[in-house]
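Per-chain numbering from 1; labels A, B, C and D assigned in written order.
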Amino acid sequence: MGTNRLESFSDGVIAVAITLLVLGLNVPQVSSPHSHETLAHALLRNWPQDAAYVVSFLTIGIIWINHHVMINRLREADHSILILNLLLLMSIGILPFATSLMAAYLRQSRGQSVAAAVYAGAFLVMSIMFAALNRQILLNRSHMLAPELALEQRRRILNRSRTGLVPYVIATPLAFVSPYITLGICAAVAFYYALPIAGGIERRSSNTR
Amino acid sequence: MGTNRLESFSDGVIAVAITLLVLGLNVPQVSSPHSHETLAHALLRNWPQDAAYVVSFLTIGIIWINHHVMINRLREADHSILILNLLLLMSIGILPFATSLMAAYLRQSRGQSVAAAVYAGAFLVMSIMFAALNRQILLNRSHMLAPELALEQRRRILNRSRTGLVPYVIATPLAFVSPYITLGICAAVAFYYALPIAGGIERRSSNTR
Amino acid sequence: MGTNRLESFSDGVIAVAITLLVLGLNVPQVSSPHSHETLAHALLRNWPQDAAYVVSFLTIGIIWINHHVMINRLREADHSILILNLLLLMSIGILPFATSLMAAYLRQSRGQSVAAAVYAGAFLVMSIMFAALNRQILLNRSHMLAPELALEQRRRILNRSRTGLVPYVIATPLAFVSPYITLGICAAVAFYYALPIAGGIERRSSNTR
Amino acid sequence: MGTNRLESFSDGVIAVAITLLVLGLNVPQVSSPHSHETLAHALLRNWPQDAAYVVSFLTIGIIWINHHVMINRLREADHSILILNLLLLMSIGILPFATSLMAAYLRQSRGQSVAAAVYAGAFLVMSIMFAALNRQILLNRSHMLAPELALEQRRRILNRSRTGLVPYVIATPLAFVSPYITLGICAAVAFYYALPIAGGIERRSSNTR
């Protein structure tokens, strides 16, 4: 299978997942007669859902950029790549749920640690799936790469994928110390990769379709 | 009509349907004062929705792969192919509903059998639509294939499509014995096709757009 | 502007709208202790939502096919075409709401006529937008067509667009006689265009991207 | 990175966001025995959600057209462009929430001003992101443009982007005078750009994919 339709399907799933995040933003109900809160207060009080939205949006967006770079290295895709890609998409597709959970529980006295652990854990699973797909491509299917890459270079790229796991490995258990630390780490990762400091995307002659 | 836009529209519908599955994952409400359950327990108790999500995601993903292979054999599409494809997309589009139904009722004392029968039945309808479209392409519109395929080869591909129906034919009535058996069969089918053992996709020179 | 990105954006909106129809299918709640209904009965009682789903899915699918044929005639698109296309997409984008409304009220004693009138009325607006865009393309922007079409041929195509309005012009007021007649007419239109009898798509050498 | 996949991902996000607006249209509940209102009255009373839907749909549609023109000037995209584009998409992705908020509160005695300020404020943020991305492309990455544009011409395009901010800068604080004025300004902007009077899209030889 060529990589064009793989890319366009993946783009579709990622685009829908990133846009469905907005469904986690709830319109507060202050118009009921029993509510003594103003809408402005209700919106400000709901800042966890805004923070979770921004962090998840940036994280999915950065995964999309990296996904493009990863798939762009391939000349074709076989069954193993399609299935690992599907598992990666599944882990991305679940993020609107993890984000809603985080938004709903961050400021609750009960459940906030579990919600934050699920949130960072979902990013961790996504990063593991990404590294697993990258490993399959770079080590086991290196004959499908175009242009060819030296083993040393492939190992360097793969190490970078694995390094991306580390913050989430740390952030997930820390949710039981403080969910705010977990959110802070996830936010820091997103902003780090968004900033030009991260060097971002490797320069490659981009193959237009 | 060329098959490019048919593919891109089908990709769009399948990508949206697969991503909408996440809406079947409900954020549990344990923060109400009347709830004595922890969030961790509520999430664990909700495992049917996670299982239904994973099985449906994999199944739709595998249908997408097979759909690509099926359409890729075509040089062009006529009205009959467009309409049968639309019926296939309709049967895929309904899966988020069947998945939510299964998730909501699997552990209920009432309705669990009917929900599981609807779940496997929806996969059965999807498989029938897939086989019907494949039949139309391979037998009735074989002059639109590129490259041409011998009748024997077309019959072999079609038989494989029909074989895919069998597990769902079995799983649907078994829902009235045990909905867990039904879920198990659906899961087994998804994992079977995901594993490399299934041989997966035929090797063909993939026509890039 | 070339028509490629116009097509792909339109495909995206139509694919999302057609797939969002599934959100109008509600999981019935029979597991509450106060319900004496079985799930099977509840699902059967909800047949209006299934009927509305099928009719809307087929209708949007057929509009997508016709949209492809319409845009495929164009070599390029100007501002007027983009804006009329946007209005057409808006009328399609509203269909999940009209479908949910129809599904919710068809069997209610109150509001069923208004809901059915809104349902057929939404299809009527969509058909008017389609005919308006087709008119702009075929009469006012005929210099953008590729290949060129004789005036007589363009008039014939346009007349077919206008004929498509007629059933909805009839079905909308008939909602106040019986909403079932309205649903029946909308269903008949969808099945008529889906059947091969309608002749379907004109044979044209399809310009692949 | 080539601009093709950037365009197709952006198209996907914008197409999903524009279609999710329909989820802000609620099916009124007049079938409950406690309701004394007819469905027709309930639908008419809900006109703010229809108005907010139309204004947001047109505004996102026009941003999509302008986005296409903006990206079409580029030969390639670097990290800064990808990230600024992601921020623009985030500001578009939040519009279904802002639209639902506006629809829910426009006719409430409490919260209507805040909701309208959030609504116009969301359009303002989107316009700022658009101008920021346009600035990065036209001033800092002008060597990536194809064909090249004279500085004077780039400044003229950029000024037009900035002028687009002005109505929202005015509409946002005016929400505290009257939310209807805010809605009116947002509607006027959308209709102004939709009308042919705005001159619309610059004529450029459109690069087909």
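Quick notes
We adopt the following convention: contacts are C-beta pairs under 8 Å (C-beta built on N, C-alpha and C of every residue); 3 or more make two chains touch, one makes a residue touch a chain.
Everything quoted here is computed from the prediction, not taken from an experiment.
Shared numbers divided by all numbers used gives the overlap of an interface; between chain B and chain C this overlap falls below half, so the copies present different residues. Using CA-based centroids throughout, the chain positioned farthest away from chain B is D.
Note on chain placement: the centre of chain B and the centre of chain C lie 25 Å apart, centres being C-alpha means. If you average the CA atoms of chain B and of chain D, the two centres end up 35 Å from each other.
Shown for chain B are the residues in touch with two or more other chains, namely 8, 12, 15-16, 20, 23, 209.
Looking at the complex, you find that chain C touches chain B at residues 7-8, 11-12, 14-16, 18-23, 25, 27, 30-31, 38-40, 43, 53-54, 57-58, 61-62, 64-65, 68-69, 194, 196, 198-201, 206-209. Interface residues of chain C facing chain D in the complex, by the touch rule stated above, are 1-2, 4-5, 8-9, 12-13, 15-17, 20, 23, 76, 78-80, 82-83, 86, 89-90, 93-94, 96-97, 100-101, 104-105, 108, 110-111, 114-115, 118, 209.
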